[in-house]
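Presented below are the structures under discussion, each in the form of C-alpha cells.
Shared between the two complexes below is chain A, which pairs with chain B and chain C, respectively.
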Partner chain A sequence: MTDARVGAAVPAAAPGHPDLPDGPWSPGEALLVATDLVKSYGPVQAVQGVSFQCNPGEVLALVGENGAGKSTVAKMLAGAVTPTSGSIAVGGQPLAYGSVRQSRQSGVRCAFQELALVPDWTVAENLSLPDGAPYRGFSQKKSVVAAAELLEAFDLPHIDPRATVGTLSLADRQLVEIARALAGRPKLLILDEASSALTPPGVAWLFQRIRELTAEGGSVIYVSHRLGEIAEIADRGAVLRDGKVAGEFTRGSWTDDQLISLMAGREAARFFPDPPARTTDATALSVADLRSEGVHGIDLSLGAGEILGIGGLQGHGQAELLRALFGAAPATADSWTVAGRAVSGTTPVRSVRHGVGYVPEDRKREGLALEMSVGENLLVPWFKAYQLGGRPRLSRERGWIDGILGALSVHTRGPNELSGALSGGNQQKLVFGRWMNRSRTVILLHDPTRGIDVRAKQELYEAIVDLAKQGVGIIWFSTEVEELVHVCHRVVVLYQGTVIDELTGVRLTGDAVVGASMGLRAAA
Partner chain B sequence: MSVAAPARLPRSAGITRLRREGAIAPITAFAVFFLVYVIINPELLTRFQLQTASNLVVPLALVALGQLLVVLVGGIDISIGAIMSLCNVVFATQLEHVPVPLAILLAIGVGLACGLFNGLLVAYGGLPAIAVTLASAFIFGSLAREVLDRPGGGITKAIYLATSGELLPYLPVSLVWLSVVAVLLWLLLQRTALGRHIYGVGSNMESVRAAGLDARLTKLLAFGLAGMVTSLGAMMLAASTVTGDPRSGDAYLLSSIAAVALAGAAFTGGRGSIIGTVLAACTLGLIGNLLFFAGVNSYWQYVISALIIFTVVGLPVVWGKVAFAVKGRRP
Partner chain C sequence: MTSSAVPASQSPAGEPRGKPLGWSSARRVGSRVPRSIWPLIAFLVLFVIGGLIRPNLITVDSLIGTATFAIILSIASFGQTIAVIQAGIDLSVPNTIAFSALTFLGLVGPLGPAGAFSAALVAGAVIGLLNGVVISKLGLTPIVTTIAMNGLLFGVILLVFNFSELTAIPEFILAITSAKISVLGLETAAVLPLGLALMAVLQLVLSFTGWGRSLFVVGSAAEAARLGGLPVDRIRIGGYVLSGVLAAFAGVVIVGYYQQASATMGASYLLSSVAAVVVGGASIFGGRGSVVGTVGGALVLAQVSTLVAVLNLGANIQQLIYGVIILLVISLYGRRANN
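Right after this comes the complex of A and B.
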C-alpha cells in the first residue's frame, strides 16, 4: 500500500481506511497485492514504485492522465510487460511475469484498450483459440457453437460468432474482447480503457457483467478516463500521476473536481466551453441525400463557425458519414457544396484542396505515420511531392509548428521526436493540430476525445471552440453525449444510416440524444 | 447492445472462408483456364498428356504451398528455390548410398533445417524475412553446388514410377501425392489450433501475443513446415526428371511467389488458401504448354502469366467498385 502521507492527500484516505496497513484487511486476504512496481524504458521511468492491493469481490479503479502509467501497470498485471522491479502476487502466489499465457493460467484476464483481437480471425476463433495448447485439433463448428453459447450467456446475441472481427464495429470488437476476458471466469479481470468505444447501453452491459463477476468473488481493476463510470462501478480507486500513486479514494467520497485536481496535480475543474456565438449566416457545407456504404440518404447543412454534433450509437453510419464527406469512401449525393462550390466524386486530396480537414477514428492506424516525426506528421496534408521536405522544410515551417504545439500544449521533446513515442492524448492533438490555422472551411472530427485524459480533452475543446470562432464549420461525432450537449450548437442523431432527429436549443439534452440514438423520435 | 443487428444471410461457412481467403478468384481462373485448355487441346485428358502435365505442375504446387506458409505468417521466402535445389541434390546423391526411406527422411530433414534456420533468425532474431532468406539463399545455393556440382545422382526407374509414373490406372500418381500433402496441410491449417495461430500471427502478431499465445514459436514452426513441404517438391522434381540438379530450384522462386500472389493471398500475412494456391500453381505451370498447343511463341507465356495475375488479382477490386456504383445509384 502507499504510505499514509500520500494517501492523506485525498479525503477518502482518512484513518480507518480499509487499505492502510493497519486496517482490518491484512495482505493475506487481498486477492492482488502489487508492491513497489517499477518499470523503466531506458532512461524513462514509466512507473516509479506503485503499490496497491485489491480485495476479492472488489472493483478497484485506476485513474490518471495519459502517460501517468495506468496502462503500464495494467500490462504488468496482465503479464504483457515485465516489471523492472517490484512484485505482484495473486491469491498469495507470485505472478509469473513476462508471459500473458502464464498470467492467464493464474486466473488473470485482461481486456486491452488497444484491442488484442486478431482481425482476420472470426469472433469464434478469437474467443476460443487463446485457450489451450497449439498442438490440438480445432473445429470451426464446435468453436462457433461454443462462441454462440458464450455470447448468448453474456447477453450479446447480436454478434455473429462467424463474422470476421475486422468487419465488426469498434464497439462490438470491444464487447468481444471483454467477453473473451470474462469467458475464463477470471479471479482478476483487468479492463484497460475497455469501455472507451462503448455506448451507454454497452457500458450498462459491462457493469452488469462486472457485478456478476464480483458477486462470485472475482476482482476487477478498472482503468478508465470516464469519471461517471468510475463513480458508478468502482468501490475504491487509486489515482496515478507521473508514474506514482498520487492518492486514493473510496466510493462516494469524492467529486469529479477533486479527482481531476488530483490527477492533474493542480486545481482543475471539468467544464465544457460554450459554443461561440455565430457571427455569419454563410454556409460552410451542405449536402442533400448523401449515399454511401452504410449511409442511406442524409441531408446536412453546416454554417460557418457552427459546431454540429453527430450523435447516435456506434455503427449507425457516423464513421461512414464522415469518411464519405472527406472523400475517403465513395459516395454520391444529389447536391453537395463546400463553401458554395459544388463537389462531386471527391477524394481526400481534393477535399483538402476544398478546405476540408478530417480527424479519423483510429489515430494510430489512420491518423499518424508513427515512424515519422512530430513536425512531419503535422505537415502531412501540406506536403506536395515537388516541395522541399525534411529538415529544411521543418525549419521553414517552424513558426507554424511551434504555434500548434504550443496552442495545444503537446508534450513532446520537439518537432523531431518520433510521433510513435508520444502518449495517446498527445498523438490525438497532432492529428487535430495539422488542420489548425490552415484556412479550413470544414473540419470533420471522429470522436477526437476517445481514450485521452481530462486535461487533453479540455485543451481540445478549447481548440475546437477557437476554430469555430474563426469561422470554421465543425462536424463532430462523439460517443460522449455530454460533449455533444454542451459544446455543440446543434446535434443530429443518426440511426441506421439516416438522420432520425435534429436537436437544438431546449430540445438539446442528454436524454434526448440518448433517446434518439435508440431509435425513438422525441416529441418536439 | 446495438439495437439493429444487421440481417445476415445464412451462408455456408466453407464458402465464406474461401472468399475471405481470396480463393474464389483463383478457383474460377483455373476452371476457365482448364476449359480453354481442353478445348484447344482435348488430348490433355489422355493418360500420357495428363501425366506429363501433372509431373510439370506438382513440384511447383508443392513449393508454392511452402511459400504460402511463410507468406501466411507475414514473411516471404527468397531462399525457397535454393532450399529446393539443396533438397533435390541431397535426395539424388543419398540415393546412391543409403536406402530410399532414409534418403527421403534426409531430404525432408534438410528442408526442415533450412526452414528452421530462416525461422529462428526471423522469429527470434527479429530480422526481416526478406533479408534473412535472401542471404540464406546464397548459403543454401552454395551448399547445393557443394553436394553435387553437375546434374546426376542415383535416382532409379522405380522411384520415377512410384512418384511420377504409371503406378495407378489412369490417374497420374504425382497428383495423388500432391493431394495427400495438400489435404494434410489443409487439415493442419484449418483443423488444428496451430494452423489458426499461423493465420493469426500473420493477421496481427501483437494481438496474438497479447492474447497469451506464443507468436514467435508459431512463426518458427511455419518456416520449418515450409521447408519440409519445399523438400517434398524438390523430391518430386528430382524423381520426375530422374536426375538431381543443383540449379533445379532456381526457376521455382519467382513462380512460387507468383502462384501465391495469384492465389489471392495477402503478402502482409493472415490470408491465403491451400486450394487457391494449388490451382494457381497449376494454372501458371500449364500456361507454357497451352501456348505450345495453341501455336503461340513460348516467350509469350510470361506475358500471358502476367496478364492472368493482373486479371485475377484485379477483378475483385474492380468488382467491388462496380458493385458499389450500382448500389450507390439505387435510391
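Right after this comes the complex of A and C.
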C-alpha cells in the first residue's frame, strides 16, 4: 500500500497500461476475500456480517432484492463506502477503505448502475478522467484518439468519442461506463447493475468482455436482478437477504424459482400475470403519422384496457415516442385523439388534464422530488395552485395514499418520509402509483421494472394488469422481452423510429420480438 | 503486511473515517429538529455572548431593537426566500427596493398614499414578471438575469427620479412601520408585528397550498415537476412575481421606518438578503427553505451587526463577517444535502 500511495503522486499511466502493484498472490488462492463486512447507516444496518471470496478467473454473482445490501457491498469493494467493521483483502493485501483511488490502484474497478459519468463532458473526457492525473496536461486531441482506440478495442465503434455523454442513450452511457472500468485492465471488476439498461446485444457484448477478462485471470463480481444473465455468466453466486448471505450457489445447480425463494425468504415463483380479457372495444388513444425527433411517422391505436408493449433496441425511438405522446417533446401528427377527443400540440400539463399519465425513464431525475415526502411525491400531478397542499392535503387524501402504498406494498415509514430515503424499487412504485385510481385513460410506462427486484417487479405487473382491468390503456416500453411477451396483449416493435412489426397472438414470441428489433420483419 | 496497512488506514484521501458512535446518534437527533430552529438557537447563543461582553445588552429593549432591525431585513429577504426555494435567486432585490420606494414617494402626490402604494407593488410585480419570463421562457440563468435586471433598474432610477424634492412620508405608512405601538405591555415599532404577520401568511402559503408545494417540487426537481404535469413555467414566473412584490413592499416599509430614500438604499440588501435566506436553512440548490427560517437567519445577522457595533469594529468588518457566515453555513448545509 505504501508504494501505491507514492504512485498516487506521480502521473498515473495511460489507459490500458496501469501500473498495478504486483501483489504477492498466486493463482491458486482467492483473489478477493471479504470477511464479516458490516455497514450501518445510523440505526440502519445495511450489511450485517457478509463474508465471501472470489477466485481468479471467476465470475461471482451477487443477487438479492433491492435493499438486500448488494450495492453497499459493491461500493465497499470499490472503496466508495467505508465498512463499519470487517475486512477486505485483494490479492492477499488488505484494501484501503474508503478510498476509490487506492482501490483502483489495487486493481479493483467498478461500473455502477447510477452512472458515475460527467454528463457535460465528452465520451473521451470521461474515459480519460480516471487516469488523468490533475498535474498532467490534458490534450483534447490525444484523449479523443485514445478514446477512439479504446472504443475500437472494446468493439464499440458506434460511440463517438467527441459526443457529450448527456446526449447518449442510457444504454450507451452504460457501455461507456463499463468501457471506462475495463480500460484499467482490472484484476477485479465490479459490475453493479451495470447491465440494467442494456438490450440483448449489449448484454452479449458485456459477456464477451467478461470472458476476455476472466480468460486473463481477472475476476468479476456481477450484481444483477436478471436471473437469465446470471445463469449464463456466473460461475458461483451468493444470495443476499436483509444484509446477510442467505445462501450460495454454483453454476447449473439452481433454478429461477429456488433462487427467488432464497432472495425473498419465502416460496415465490417467477410469474407473469396474463393480460386481462378485454371487455370493450373503445379506443383510448390513436395517433396517425406521429413525427417528433427520433420518431419518423408512427401510427398507433390503443384500446381501453389494452396493454400495448413497445419493443426494440434502445435508441430506436421508444423513449422519444413516449415523450412525444405525453407532450414532453414537441411532436406533430396527422390525427391524434385521446379518449375520442382530438389533441394537437400537447404539453405535459394538457396531457394530464386529458387523462394521460407518464412514468419516465430516470426515476431519480425525472420522476421524483427526492427532498420531498412520499405523500407529496404521489400528489405532484394533482397539486392545484389554489387548493390545499402540504399536510392538510395529505390527510385529506390519506385514503388514496394509503391505498396506493398498500396496493404496491411500498416499504415506507409513512407518507411523511422523504422519498429520497426509499430504495430504488420503492421509488419506482411511487412514480407509478401517482397515476393509479385517478381516472386515467392512458398510462405511458418507460421500462418501469428496470433495476428493481423480483418481488417489486411482480407487484408492478399486478398493478399494471389491474389498471388494464379498470379500462386504462397502457403503453409499456420494456427492455425485458419476457415482460412484453407474457404481460402484453400486443407488441409493437420499433426500428429506426418507425414501427417495423406488430406482434400479437401466436406471433407474439420472444424470438419474434428480438428478431424484429434487429430489423428483421418475420414472415406473417 | 501490518506496517503497510497502517498508512493505508490513515489515508488522507477519500471519505472521512468511521466516526465514533456518539457523533452519529447526535446527528440522528439533530436531523429530527426542524431546520428553522437552528438559526434561532444560533441567535440565542450570540445574544448570550453579547451579554457576556456587555451585560447591559441583555434587556428586553435591546432584544426588541435587534428584532426590529432583523424584521426589516426579513421583509426584504422574504422574496429572496421564494426565489431560492424554486432553485433560483433574485439579485434584483436591492434596486427593486429602491425603485419601489422612489416610485412610492414620487407618486404619493398625484395618486395619494393608497394609489402610490399600489403602484409601488405593481412596479415590483412587473420587475418580477420580467425576471420570471426571461428565466423560464428564454432559459437564461437566474443569477445573470436578475443581476442584469438590478443594473437596469439602477439606470432607470438615476434617469427618472429627482432627488431634490422628496415629499413627506404619508401617515398610514408611518403607522404600520415606525409608529410605536404597545403589544403585551412592550413598546415596539409597528413594523415588528407587521413583519411577523407577513411571515405567518407566507409560511402558510408555502406549507399548505398547492402553489406553495408546487414551488418546492419545481425547486427540488424541475424535470420531475414538468413530467408530473405541473405548469413549471407558470409556477416559476409566479414565484418571481411574488419575489418582486415582496421586495417592493420591503422598499415601502424601509421608507416608512427610516424615513429616507435614495438610489442606493437597497445596496446593503444584496448580500444580506441572500445571507438571511441561507443562514435560515434554505438550500441554495432549491427545494428547501422557509420564511420562518429566514426570520431566524435575519435575527442572527442582526445580532452579529449589534455585536460589531458594540465592539466598534465598523461596517466593513460587518460585511466581512456576513461573507464568512454565508460560506460557513453553505459548507455545513451543503454537506448534509449530499448524504
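Quick note on the criterion: the second predicted complex is superposed on the first by the 495 of 524 C-alpha atoms of A that agree within 3 Å, B and C clash if a C-alpha of one lies under 4 Å from a C-alpha of the other, contacts with A are read in each partner's own complex, and residues count from 1 in each chain.
In this section, a contact is a pair of C-beta atoms (placed from the backbone, for glycine too) under 8 Å apart; a residue touches a chain by one contact, two chains touch by 3 or more.
Because the structure is a prediction, the values reported are computed rather than measured.
Peer 1: Could you tell me whether chain B and chain C fit or clash when both sit on chain A in the superposition?
Peer 2: Partners clash after overlay.
Peer 1: After the superposition on A, what does A:Ala171 contact: first (chain B), second (chain C), both or neither?
Peer 2: first
Peer 1: Output check: A:Val100 vs chain B and chain C. Expected answer is one of first, second, both, neither. What do you get?
Peer 2: After superposition on chain A, A:Val100 lies in contact with both partners, chain B and chain C.
Peer 1: On the A-aligned overlay, A:Ser351 touches which partner chain: chain B = first, chain C = second, or both, or neither?
Peer 2: second
Peer 1: Could you look at A:Val144 and tell me whether it touches chain B, chain C, both or neither (first, second, both, neither)?
Peer 2: In the superposition, A:Val144 touches chain B alone.
Peer 1: Touching A:Thr84, do we find chain B (first), chain C (second), both, or neither?
Peer 2: second
Peer 1: Would you sort A:Gly367 into first (chain B), second (chain C), both or neither based on which partner it touches?
Peer 2: second
Peer 1: Using the touch definition from the top, say if A:Asp256 reaches chain B (first), chain C (second), both or neither.
Peer 2: Neither chain B nor chain C is touched by A:Asp256.
Peer 1: So, A:Glu417: does it touch chain B (first), chain C (second), both, or neither?
Peer 2: A:Glu417 contacts neither chain B nor chain C.
Peer 1: Mind sorting out which residues of chain A both chain B and chain C touch, each in its own complex?
Peer 2: Residues common to the chain A contacts of chain C and of chain B are 79-80, 99-101, listed in rising order.
Peer 1: Give every residue of chain C touching chain A within the complex, in rising order.
Peer 2: My answer: residues 1, 4-5, 7-9, 11, 13-18, 24-25, 27-28, 207-214, 216-217, 220-221, 223-231, 235, 238, 283, 287-288.
Peer 1: If we count contacts the way the header does, which residues on chain A are in touch with chain C in the complex?
Peer 2: Within the complex, chain A contacts chain C at residues 1-2, 4-5, 8, 42-43, 79-82, 84, 93-94, 96-102, 326, 328, 348-349, 351-353, 358, 360, 365-372, 376, 379-381, 383-393, 434.
Peer 1: If you look only at chain A, which of its residues touch chain B in the complex?
Peer 2: Contacts found on chain A: 79-80, 99-101, 103-104, 110, 112, 114-121, 125-126, 129-130, 132-141, 144, 156-158, 160, 162-164, 169, 171-172, 175, 180, 199, 201-202, 205, 291-293, 297, 313-316, 330-332, 496, 518-519.
Peer 1: Enumerate the contact residues on chain B facing chain A in the complex.
Peer 2: For this pair, the touching residues of chain B are 1-5, 8, 13, 16-17, 20, 190-197, 199-200, 202-204, 206-214, 217-218, 270-271, 321, 324-325, 327-329, 331.
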